[in-house]
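We just call them A, B, C, D, E and F in the order they show up, numbering each chain from 1.
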Amino acid sequence: MQILLVNPNTTASMTATAADAARRVAAAGTEIVAATSSMGPVSIEGYYDEALAVPGLLLEIARGEKAGAQAAIIACFDDTGLDAARALATIPVIGICEAALASVSFIAQRVTIVTTMERSRLPLEHLVHRYGMAGRAKVRAADIPVLSLEDPHSNARDRLRNEIAAALREDKAEAIVLGCAGMADLTAELRREFGVPVVDGVAAAVKQAEALVTMGLATAKRGAYAAPLSKPYRGLLEVFEPRSLTV
Amino acid sequence: MQILLVNPNTTASMTATAADAARRVAAAGTEIVAATSSMGPVSIEGYYDEALAVPGLLLEIARGEKAGAQAAIIACFDDTGLDAARALATIPVIGICEAALASVSFIAQRVTIVTTMERSRLPLEHLVHRYGMAGRAKVRAADIPVLSLEDPHSNARDRLRNEIAAALREDKAEAIVLGCAGMADLTAELRREFGVPVVDGVAAAVKQAEALVTMGLATAKRGAYAAPLSKPYRGLLEVFEPRSLTV
Amino acid sequence: MQILLVNPNTTASMTATAADAARRVAAAGTEIVAATSSMGPVSIEGYYDEALAVPGLLLEIARGEKAGAQAAIIACFDDTGLDAARALATIPVIGICEAALASVSFIAQRVTIVTTMERSRLPLEHLVHRYGMAGRAKVRAADIPVLSLEDPHSNARDRLRNEIAAALREDKAEAIVLGCAGMADLTAELRREFGVPVVDGVAAAVKQAEALVTMGLATAKRGAYAAPLSKPYRGLLEVFEPRSLTV
Amino acid sequence: MQILLVNPNTTASMTATAADAARRVAAAGTEIVAATSSMGPVSIEGYYDEALAVPGLLLEIARGEKAGAQAAIIACFDDTGLDAARALATIPVIGICEAALASVSFIAQRVTIVTTMERSRLPLEHLVHRYGMAGRAKVRAADIPVLSLEDPHSNARDRLRNEIAAALREDKAEAIVLGCAGMADLTAELRREFGVPVVDGVAAAVKQAEALVTMGLATAKRGAYAAPLSKPYRGLLEVFEPRSLTV
Amino acid sequence: MQILLVNPNTTASMTATAADAARRVAAAGTEIVAATSSMGPVSIEGYYDEALAVPGLLLEIARGEKAGAQAAIIACFDDTGLDAARALATIPVIGICEAALASVSFIAQRVTIVTTMERSRLPLEHLVHRYGMAGRAKVRAADIPVLSLEDPHSNARDRLRNEIAAALREDKAEAIVLGCAGMADLTAELRREFGVPVVDGVAAAVKQAEALVTMGLATAKRGAYAAPLSKPYRGLLEVFEPRSLTV
Amino acid sequence: MQILLVNPNTTASMTATAADAARRVAAAGTEIVAATSSMGPVSIEGYYDEALAVPGLLLEIARGEKAGAQAAIIACFDDTGLDAARALATIPVIGICEAALASVSFIAQRVTIVTTMERSRLPLEHLVHRYGMAGRAKVRAADIPVLSLEDPHSNARDRLRNEIAAALREDKAEAIVLGCAGMADLTAELRREFGVPVVDGVAAAVKQAEALVTMGLATAKRGAYAAPLSKPYRGLLEVFEPRSLTV
């Protein structure tokens, strides 16, 4: 089974971190094919970056499906471009936020998502609501820029730890969800340290993707996710005309 | 007062229809500056088109603000790219769906939105929910392609009428909201015909934009709508690097 | 255009404050006609005052419509008597709480309403829920009697400032809504002081009223807001028999 | 124990119907004291009548409490003036809609309220929501004027029966709630006829009132129901100045 | 009238406490028949105990109904086995949590339930949601084992008092609900001490049971509460085969 | 990896059907250990059967965990005893309804669950609400007894087909969820026949169980799912005393 993991930002080192996390949990027969978006922001922090990350994401999804991927993962915790990707692809597409929330919903009733920047808190609260976890999942921002997670000299990881401690103490969180793909490599360490379940969305998405493929399930192509209608696209984005990209 | 009206699809004739509707209700001192997106789909029908319409929209918003606009309107009923535009701009940005729902909320308790295609129904139901009208506003699709509204030989307008009649009879709708910018020119006619309030989002957005400018109110730039962080953008979308676009 | 502004309490100086705020934002051709209720409480603080303020309000709405007003504003933040007024009148009727929330919804995702007395907090929370802002708008009471806002020797304004500061710090409010018509004259000052959008419902209601009139929209007279049925009214309130008051 | 039953409309024959229903279920030691409002509409159909029925209701509540009543019932299914009455009185005040919904919630999961006029449907839907029965209780209007229930020549009772039959068939209602105090005398008959629980709010309110008195519980006088502040009332409604009415 | 009160745990002294509370409010003609479960846990603290308390509860309900009870009360604040009991019995069945919430809903808008153990907090939050009090009722745990309430040497009652004080101060609770049947004997004392309404679910359930019986109302036996289908039951639980237990 | 699948009813042939469905999707290294409850009803149809199925279920979960299972599945669509099982076990426990809803949430926005009996419809609606799919998932009952699914002479499968067809036509369902473990063998056939995704909860639960085990995640044992407290259990259910069953 081939699963495509797309990093919708343009920083290849973050793709590597996510791909490592994916491979750690992938089943024996699963190949993780990682792709970095070729256009757009180097990190996704807030609505503007998110919107501009979508075209590059869609391109990689279309390429990956043509190249034989049987499912796709969007490796950004905002679930950037999820609905558009589902309308475009015929293979299942999984967001790492929704996968993390689905997994944690089986093991805890009250959880806290710890994310990077305050400006990402409200978008994640919208996702919590959309995915039916309102009242069950809180969102906290550790106030750390996304790329600082990769900088060994930053105090980003300390701030993350402080916020997890606060979630356990003040929110009475029963489990923690890591709210950024760039935190995936910390999962095991934080779990040992805090003694509670710590969920990484990249790993969760790999297992959901495998599950859907094994069960023979793919996105329903009627209603909201019907294939894009054939029509002209103009200007800089001409290449996104649906018939160029759909299989 | 200068108000920018951006049509996020690339069909100039639809821009003209919307601009006409805007000018019909604009105050004496208000200038409506209409812009058509230079890139992306010729009509927005579903999630895929919507996502690809956002970059072109953002470009026009940035240009318009630099050129002196005091408020901006997104003239597509999906409120395409609204959050990204608000993060980018310092002037207020209004979606026509949210404006229509705000206006109709003052005059009726139960309303029906009549839109074009079934694939747009669920995205609009999400907007209804987001804007706090869940339980008050239903969405119906008349099953008409967006561009057929401009085709004198299509039966699009008959289908629209049938759906409005059904909304009044079956939903007990007290007022009707037209769920596509391309229907703006029909407002007065439908109001006379059905004898109930018929709300067009383009007109509503113009009045909301004027209201905010007059009151000296603009998007709060803390929290979710804080200005995009300065960072590199790569590839085809390099031009969207925040410092290129923000004022 | 003539817009009626009714102060539903019987204190004329508060009418003047609200009328001033209204005139500051009214369009060139708009005349604000202010009326003070002729019966009932001198201020509206809690459910009891609110209920007894309704008859006087309805009388002024009926008189105003007969005298040519094209829209009416209820200048009390409880939106006192709003539904009854909409059933009675054929012109649109706007509450200042709903207008303030509609305006602020275009510019911020999380807001705080700062009102006067604790006893008004729950009624306002009900309005927040009714107007679809649950989860987006918090309500704080500064513990100041309504009429103290007019008393230069009270510390009411200091308390209001303290509560705004707390809202920005603790609620992470992106914008502030002033929760009493008697605060309208402070809007500009507080906006400068705190550097965030501060919304006054009186101004917002004027612009919503102008918007509806310009668009040719008025209350839907089917369903919940159908005109009162003709029937006898008895005793002290005989004068409110519908056929005496409706146009 | 003395329980005050106030009919907030000014039709004494409806008071008698409600008082009969109340006495049929009252405990041995309970005296039902019935009062008809001395001012306002002869029936309550929609928001306008409801608002104008409140002053007369409050007067009877105040008089009744002074005369020794230990609890009060508002015998109109809109729960007219409930919040104001609770702020005014120190004895518990019960609405017949809330009492009916509380009782039926113990015996069925899905219920239908059958009321009189379409214009009362939305106000009752708001009550259903307020009382926590959203998703459990539907509202249907039989399209019968309130006073026609007393007219032996009208077809009101047939229409009521038809609507109950439709509720059982289409809504899969497990129990029926009668949505008007004027239907109270039909309860036993309809229960036999349809073979499902049929709940009358007047009877339910009597038992809730007795329950609260026996348990020594009365309205919490802190927060939303704190006693009205002492202040001047003017004009026609001067008599409602709080210190005139409170005990 | 005979009302069955079942203590679903197997500690007879707790049954006695609850029966005393029940008898204190029962009407002159009401006989309270108390039963202690013959199987299962000695106290109910969390989901596991709750599930294992249900069979013993159902047995007592079936026996009580056969012996002539006209209504049944489940005297555990988790409303243990409520739905199963309603499906089994033809007499009405009342939970003490739902009864307490119904009673307090008539006298306060914001309340706090103070329960025993943290592990019971989330189950009670689910009940609050189910009974339509979400947003109105908070749940606090005083961190006291259920049986310590009966131990004169424990500090359980002090902890309970501290939590009530915190609820009044921090939650702005207008009334308190005691979240354990074992607290019933403290009701009057705490009411005097704190000066706010304090509601005990056992007393509330007695009055609701009397109310339903007097009104001639019992569980609707269509839909969710239809009688159990006749079918074999095996092994240790053979005795629960429906035809053995139903009347 | 060893996964325990417990059929909480006492019909071994249904266990076999579910175990077959489980094995069809299990990964290469996964062993499915199937267990049939040794006590309770032969099928679970409604609240009464459900409650009496829990003790037998808990016994098998405890035995399975002791015997080395790394995760457990409850193979009844009511998710019978899920919370109690999670409190008891230290391995993750998955309900087939929650697993089916989690899987389908990744591939469709609007779905319909088709279950057996009307009396199961409301319990499933509660699960839909609990799992955050309210507004996304409808429940239909095909009016077929559970065991008739195994009877080659019944028309159960035709009725199921009719209800699926109605869901696609009337609910505009994008995917179908089979609402009974006994339907698991029909999944592939119905998918081919109707051309939409058809989700079976047994298969979904297997993949979720594997996912959690692979990721090293198990039930959070703080808060709602803390281990049962040690205490005496009496009578017929003495064997369920926590220290007898917990590992």
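Here are some notes:
FYI, a residue touches a chain if its C-beta (ideal position, glycine included) is under 8 Å from a C-beta of that chain, and two chains touch if they have at least 3 such contacts.
By chain, UniProt protein names: A, B, C, D, E, F = Hydantoin racemase.
Model, not experiment: these values are computed from the prediction.
When the contact pairs of B-C are matched by residue number against C-D, E-F or D-E, more than half turn up again in D-E.
When each chain is reduced to the average of its Cα atoms, D sits farthest from chain A. Distance between chain C and chain F, defined via averaged C-alpha coordinates, is recorded as 53 Å. Note on chain placement: the centre of chain A and the centre of chain F lie 28 Å apart, centres being C-alpha means. Between chain A and chain C, the centres computed from C-alpha atoms are 44 Å apart. Across the assembly, chain C contributes 86, 109-110, 118, 122, 172, 223-225 as residues in contact with two or more other chains. Within the complex formed with chain C, the residues of chain D that make contact are 10, 37-43, 45-52, 54-56, 58, 81, 83-84, 86-88, 118-119, 121-123, 145, 223-226, 228-229, 231-238, 240, 242. Contact residues of chain E toward chain D in the complex are 25, 27-29, 86, 92, 94, 98-99, 102-110, 131-134, 136, 172, 174-175, 188, 191, 196-197, 199-200, 203-204, 207-208, 210-212, 214-220, 222-225.
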